[in-house]
Structure formats: C-alpha cells, structure tokens
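Each of the next two complexes has subunit A plus one other chain: subunit B in the first, subunit C in the second.
Up next, the complex of A and B:
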C-alpha cells in the first residue's frame, strides 16, 4: 500500500512489510524510519543498493536479511555505481527481451551514510548523478561515521564533538562547517534534489514519491538523528528531529532542475539553535562560557541560510 | 536484434581489437568501463558496436575504474552478461572491488592488458597488474597472442558463467606486444561464436521480482571462513570446467588449449617457464638452440594462472627428463622470489624429478626480452644441469643495465 492511501501515522507504521522490523540498528535509530518511509512511498518493485555503514551492517547479517526486496551491498563508497550497473542491466535486458517480467514496474534506489556520500563515495555519487541513471540516491545524514564509533565527516557541523574532532581544553570540537551537499547535487543539474526529515513524514513521503517518479538521477539528503553518537535518549529521536527542523538547522526544501527552489516546511515558531544543540550530548561543551561564540556563530549561519533559501524561493529563478 | 558484423575467415587484428570482437560476439549486456592505456581500444570497440547497432547492450562510461568494477558487480547481480577491460593503475584502483566481485560470485569477464605499475609511471607491458590480482579469487587465463586473446575471451564467458563455477574471470594479454601488434587471426562467424558462448543463465538476479535476493551480506567469524573456503573450492574445482570448455573449443575450431602449455618438452633437459608473449620468444630460442648447439631446450607456460595448475605442472615435470628450469617473473618481486617461481617450486617439490630451479626477474616496464637473452638463459640452465647444482644466485635480473644483480647464493662444499 503506497502513501497516497495511508491516513495516519499508526497505519503508516504498520503497513510496510518489505523492511522487516528485526534488525540490529540501535533502538531509536532514525535510519530504519527513513527506509520504511521510502518503501511506503511506492508500490513498485524496488532494487536497492546500500553503502557500508550502520544500515548495511545491521540489516543483512548472514544468514538473515531485513530486506524483502532486491538488495545489494558491495563496499563503503560504491552503492551509486552498483545501482548504475543494475539500472543499465535493466535497460539492456528490456531491449533484448530477457527480463522475466518485462512489465513489472521497478524503481532503483541507493542508500548512503553521510560518510559514504559526502566523503569517501562522493566521486561515485557525483558520477552516477552526472550520468543521469534513473534512480534516487538517499543520504541517511547522521553527521558522523556512526558505524565505526562516531568519527567526523564533512557533514559534521561546526562545534560538534566527534572521536576525531574532539572537544577538549584546547578545542571546541569540529572547526569546519558542514558541507552543503544539496547545493552541490543541484549544481549537477539533477532533476530533483531535496532535503527532508523523517519527523515530517508526509512531506518526506511526497518528496520520495516525487524523486521516484522523476526520470533521471534524483538526490535526497535526510537528517537521521543518531541516538548513540548525538547522545540523546532513544525515545527522543523524533523530538530531536523536530528540534532540528524547527530550529532550521535542517531546513526542508527541494530544488527542481537545478534551480527552482521550494521551501517545503516553514516552522510556525522558529526556535533558537541552542534548544536543538542543548538536547544532544555532542554539543554539551558549547554551553561553557568560552565556547558561547560558537553557538552564536551557528545561529548566524542558520539565519543567513534561511534568508538565502527564502530569497531563492521568491526569486523563482 | 543486433546487426550482423561481416567477418572474413582470416583477419589481421591486434589483441585489443580481437578482444573487443569477442565481447561483441558474446553479446555482452553491460560494459562499464574507464579508459587506460593500453586497454582502452577494447571498450572503445564495444562502445562503437553499441553506437552502430552491432550489439544490444549498455555501454556505461563511469568516472573511475573502481566505479567501473562496482557497476559491473551491480549489473551482474541483475542477471546479464558483463565485461570490462583495464590495465595497470586502473587495475590497482579496482582491486578492492575485485575481491568483492569474486566473493559475491559474479561471473564478470575482465580483459586485462598487462602493464607496469607506477612508480615510476610507465605505460609498457609487464605483469605487475596480473600479480597484484592473483589472490583476488578470480580465474586467470593468459593469452600469448591476438588469436589466443580472441579465443580465450570467448572461453572466459563459458567458464565463469558455468553453474558449477560462477566466478569472475580475467583474460590477460601483454600490453603492446599483444594488444597493439596486428597479427593473423581466424575468428568465428557471429552465430557460431554466440552458440559456443551460449545464452546467459541468471542466478539470484535482482530483476526477478518473484523472489527477494540479498547480495553482499555481512559475515563475521561465524560464517566468513566457510564462505571463503567455498569460494576457494569453486576456484579449484573450476579446473574440470576449464578442461571441458577447452575441449569443446578444440572440437569447434581445431585450436587446442591446455591449462599448462608445453613446447618441445618430451626430451627436454632444460626449460624456461614463462607467461604471456615471452612464451613465443622462449620457444624460438629453444628451437634455434636445438639446431645450433644440440641443447635439449623446452618451454612450459601456465595458460591458467589461477587456479594454479599444480597438478599438471607436477605431471609435466615428472614425464620429462628435465634437470634445470628457469622461471621468468615479469614483475618486481618486492623483497621475495618471483610469484611464478614460488608456484613452480611448490609444484616441483613434490615431484620425483625435482629439477634445479632458478628465478629471473625480467622485462619490467616493457624492457625487451630477446631471443638471444632467452638462449643465454637456456645455456645457463644447461650449466646447472651439467654441474648437478645451481651455479648462480637463485634469483637474477635479466636484461638489466649496469652490474649484475642477483640474490640468494646456494651454499655448496
């Protein structure tokens, strides 16, 4: 049953059987919510590739699998290439007439973490988007290398503590800003690019549907709160995601054909970034007086980004 | 339906062109590739056949060799025939995925045009890339000339895709010496070649939606070992399939291939063991020496580098009067004996005959291996044979400028 016919969250959380609840992700991990939301967005058959990372190591441990779809994992950086190959084979076999069920509708999807997408697999992702294979790439953005114990990635925001960008007596954590991968993907000219969040599940479902239904290579960056490395209580995943979207640390928007920008969620009450930061252990040190300037800097950056997004939207260019 | 390509009974093709024609005739569904000298013309060839309707496939030019092999794995798991080509640095960049491809049991055909590995950067032929991949769990076939490159590429699909094997296959040929040298080739007509290769049989394909499949699962200490052992067994057992495919190919074409090729060996007292185009050089030298000096010289050439034919090497050594062997390694050994030397020595250790064996590092970065040099090496073997022991360092460098370089003296009283 696809999202179009799902009425409420209760129904939404129980319909999909293509991703089994039995897996090894931490309780409260948002990765599985995003996967289920993707699967709820379509009734079509799915061919899914996944980079190495928390999602992969937790859902396909031989002799078990959580995937009741066609699924492939090769390595840390190459899910975009794996899906490129699968999509090319689909076209070749369709032409040749060797598919078992040539009329079966199918969608190709690749999942990566921020580590595998912003960093090590960036070139593989860029190549696949540029070639325009008919697929959707989804980043489960938890802003760190969670599977290997919480190291920095180029998605980690400034000021966050990670095991390789530590906060200490001489450091406030990561000193570099988060990479704007959405802008980079839009600059590829991808037909549909969006930043979404699992707490805004209806918007997310629509965004996923749009990406799946758009021909060509589409890209979605989704915030994925990580209870273990962000250090919050597992029951608070959606609360933290709400703080992320309401503080505009994670603005929700789409970019069509590389230029047409639409804001998809406008918080009624925009909250301060410190409310978001304060809910997570990884930012605890920022609340010391000597690090206050980092919070101010983050707030300034967030305000500027929101201003930019609104102006881009208004400009309709 | 792909257009028919007009082919003469006798063509003058170089190794690259011959290989690309074999890919076309096998009607490969997906080629995902990245260019590198000297293998580029193989994939350019496939691309031109796609562009002109001579093959119904998809040509995916990706952004690196790592991505090329990754896309090949994704394509192969989707139930069709897959091939690509590379050399040298491109091969090195692919290495991570070579292991993943074989571990995932995807019968991809990789045509490797052998070239040196940097540094120093060098585009010429040696076997550094072949050796880099030797433990990657692939079947490795070795062509010594353009005809063989064509023949063995066709065989590679049959072998790798065989349901008892399901392993990827590398088909090696020497950079430039084979890949770029136009030679007489007898190709098959399209329908004959395709019939020999056969239709691709999908296994656990991702595009059959009646059954969910998970490819590339995680295993730790509980199952990893069993998977790797099973993979190794499949590789070892592929010997019977390789023999059967070679027999079929002989029945079809009259051209005979064996997992170990031997030349002039029945009465040979000394032999050179080599891979690639040097086999033909060594054979010329052996023929001349037999005429000129009556030295009973022969040549041994593993046609299949993996699974290594220990069984046949042992038989070959025990069924000839061999006293001394020179094993030629065209790759910098990096602080050890050459890899081929080690394999041959391991096989020879369990023979009755136990010939004297020395190792030559040669031909690095495309350094020429001449008939004269091969003759000199044969004569040196003759000296060992006559003395009844090794009279030189065990490892020597052949064709190197400057003072002689050798390692590991044998100690004798």
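Up next, the complex of A and C:
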C-alpha cells in the first residue's frame, strides 16, 4: 500500500490533510488528533464508517462534512457492520469487474467510541472481527459516553466519577474495573490488535500503518483524553496522555495473530498512577483519606498488568 | 449557502425544521454531502489550496468565534519541528514543504495545545487575547528563560 513517510515529523507533515477543521469537537479534543493521524498515515483512498458519538455528531453537522473521503454514519452501534458491507461489496464488485477504478488502492476503517464499541455495539464489532473483513476498527477510548453527558461505560476505570456513577458520601465513583477489550479482540484471533496513544505519535502512526497493511480485521484501542468529562484544561490533552502512558494506566502494546505480544513503549521513568489521577477532576475525590484505598488498588492493578504484559512478551507464546 | 440536494428540496430533512411537519415514512432517508465540486480521485495528492471545495465542506466554515485566546506564531524562534502540526486537533497549523507557515484562524479554537507542545525557549507560539494585534503581540515576546521548570 502507499504509506506516508513517518520517518520524522517534518516528513510526516508534508501530507495533504483529508480531515477538515471547523468540526464541532471541543477545543483540545483528542478524537480529532487520532483521526488526523490515521488519515495522514496513508495516501490510499479511505472508506470510513463511524458510530454515533462525539466524533460523528461533530463532524457531520448538516450542511457540513469534515471528511474528504467516503464516509458513512448509520446508527449508534453499527459502524463495524456498515464497513463490513462496504468491504464485501467492494470485493464482490472487484470480482465482477464492475468497479470504475479497480486498481485504486482503498482501505476500510471504522471508528467507534468506547460506549459504542465496548458496550452497545459490542456484538456487531465481534461479528465483523470474527468474519474477518479486511478493515481496521479504531476505538476512541475516552472511558465514558461523552456525547450524552458523561455516563459510565464498561471502559470507565474503577474510581472515576461519571454522571451515572457519581462520587459522593456513599460512593467513590465507578466500583467496577475497566473491561480489557484488547484481550477480547486478540482472543478473536484478529491478525493485528494494539493499544496506542496520540502523544506517542510515531508509535501510533506505525501501528495504524501496520493495521491498514495487514489483511483481515484489525483492532486498535486508542486512549482519547476528554477535556470535558475528564475535567482538565484543554491545553493539557497531550500532557494528560503523557501521564497516562508513563504511569502505565495505558500501556502501549500490540498482539499479533492473537498471541504474539510486543510492548511498544517502555517509559524511562514510570510515574505513580496518582500523578495521572491527580491531573483530572474526575478522580479528585480519590484523594480524600477515606478513598485513598482506591488509589492503592489502582496502582496494584496497574503493576500487576505491567508484570503480566512483560511476562507475556518474554514467553513468546 | 447552497443546500439544494437533489430529491430533498421539498422533502424530508428540510421540512423537519419548517412549518409543514412530515411523518417518519415521508422523511428522506439519509443525506449525501459532497465536499468537492467535481468527483476527485486522488485527494491525498491535492493540496487544500488547490481543491475545489463546495459549501458542504466544513473547510469553508469558521469556528473563530469560539476563541477567547489565540495562539500567535513567532517565526524567528521556530525550528520547524512540526509538533504543533501533529497535535493540533483542528487542522489549524499550516505546514507546507516541512515548514510551519502559520495559523489558520478560521479553524483554530484557541485550545492552546500547540503552545504546550512547542519545544523552543522561549516558545515560538504563545497565547494572547483573541483581539490582540499580531505586531503588538510579537513586540511583547518574552526573553529566553534561563532554565525551564
């Protein structure tokens, strides 16, 4: 496939953007950083579907579109199904010889939020990955239903305050752990699965290129810091993403063919999870003495996960 | 703003906001927006300034009124690292041929991310009141800081 040079940022910056400004995402929203990186990582034609959520409602506000590619939105939960249909039709028409431009390189991509991917569109996503359509599914993981006012999802981490898992005198916020969707997708046997972050632009661009280049259904979970619901200053989106990856709350790794695990980023100085939690209003209550145990629990879980990932990588199984 | 989508002129979505109410069965299902005036084959190889955008592309719209503060660019200090370009959420850093040229004030929302990620000392981008005159802003640029942080 035709890939953009990502050797360094100067070369990367010579691409011609296909995601336009004047969309209505919040100032500092990471969703658009991730989308720009994906679209800039290739110069192939793109066919993109998007679930309902902040990205979709903000980039297709009638009469405007911010997409310079084929782009489709149908419903909340069915970006994976929509792209499956498009990909199947493309293959069928290619075989029949009815494509206008059969040699034009084309890639299929679906975007979903965590709400629409981990929860409401979960079976549709699972089906598309299992059927093995040649596409890449990308979750913009802001750990809540941001577009409808910040409800908890199965991606919301334990201890976070959300509008439906509120912190107060009787609760420390969400009491359940975050769902490990990367493991679930790897268990489908998908050829390429990864967890990435926009602050690590080169690892992210490489991961996107690898997914686009791999035949079959690929899956990427990307952390997407949400200034509005995580409650931090819009200028700090990349700073918060740095804290996420350096505290290992969001470890960066890939799993190939369902088993071969590679860690893609090892922080030089691993920071404490409380440095990450403390940078966001949604975790403010955890710093009260009665809730400190939740921070300890989160740190323990993060340490254990990092240990697990390293052992999996070492074992080469 | 031209909004003449074939087949929808007198139906569906247009009528949702109008006085005549239509039932679900009569609403036109879906809508197609064409961002370019003629079919384009190879968008990724056409520079934005050479594209023939229609009014349906948000490229032709502006969100300038969202801004309270605006980033101001000082080309004297810039090292063209492109950090601001890669992380701007609003496609508002104009870079051509590996050079940072400036800010697209029609699309910039003033989030301040570009200032945060700018590595020079002093920074090559700083936030000012959105109504500040650019020359005045540049004349107020701070000196190099001895040691950051």
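By definition in this document, the second predicted complex is superposed on the first by the 302 of 317 C-alpha atoms of A that agree within 3 Å, B and C clash if a C-alpha of one lies under 4 Å from a C-alpha of the other, contacts with A are read in each partner's own complex, and residues count from 1 in each chain.
Definition applied: a contact is a pair of C-beta atoms (placed from the backbone, for glycine too) under 8 Å apart; a residue touches a chain by one contact, two chains touch by 3 or more.
Because the structure is a prediction, the values reported are computed rather than measured.
J.: For A:68, using the defined touch cut-off, is the partner it touches subunit B, subunit C, both, or neither? Pick first, second, both or neither.
T.: The answer is both, since A:68 touches subunit B and subunit C.
J.: Go through the superposed model and pick first if A:124 touches only subunit B, second if only subunit C, both, or neither.
T.: The answer is first: A:124 touches subunit B but not subunit C.
J.: Of the partners subunit B and subunit C, which touch A:33 in the superposed model: first, second, both, neither?
T.: In the superposition, A:33 contacts subunit C only.
J.: Touch check for A:84: first (subunit B), second (subunit C), both, or neither?
T.: first
J.: Answer with first, second, both or neither: which of subunit B and subunit C does A:12 touch in the superposed model?
T.: It touches subunit C, and subunit B stays clear.
J.: In the overlay, answer first, second, both or neither for which of subunit B and subunit C A:93 touches.
T.: After superposition on chain A, A:93 lies in contact with subunit B alone.
J.: After the superposition on A, what does A:106 contact: first (subunit B), second (subunit C), both or neither?
T.: first
J.: For subunit A, what residues appear in both contact lists, the one with subunit B and the one with subunit C?
T.: Common interface on subunit A, subunit B vs subunit C: 45, 60-63, 65, 67-69, 101, 104.
J.: Mind listing the subunit A positions that touch subunit C in their complex?
T.: Within the complex, subunit A touches subunit C at residues 9-25, 27-33, 36-37, 42-45, 59-69, 101, 104, 198, 201, 233-239.
J.: Going by the contact rule set out above, which residues of subunit C touch subunit A in the complex?
T.: Answer in residue numbers: 1, 3, 13, 31, 33, 35-36, 41, 43-48, 51, 55-63, 66, 80-83, 85-92, 95-98, 104, 106-113, 115-117.
J.: Which residues of subunit A touch subunit B in the complex?
T.: Listed in rising order, the residues of subunit A that touch subunit B are 45, 47, 49, 56-57, 60-63, 65, 67-75, 77-78, 80-86, 88-93, 95-96, 98-101, 104, 106, 123-124, 126-127, 130-131.
J.: For subunit B, which residues are in contact with subunit A within the complex?
T.: Result: residues 29-30, 32, 56-58, 60, 62-64, 66-68, 70-80, 82, 96-97, 100, 104, 200, 206-210, 212-220, 223, 227 of subunit B touch subunit A.
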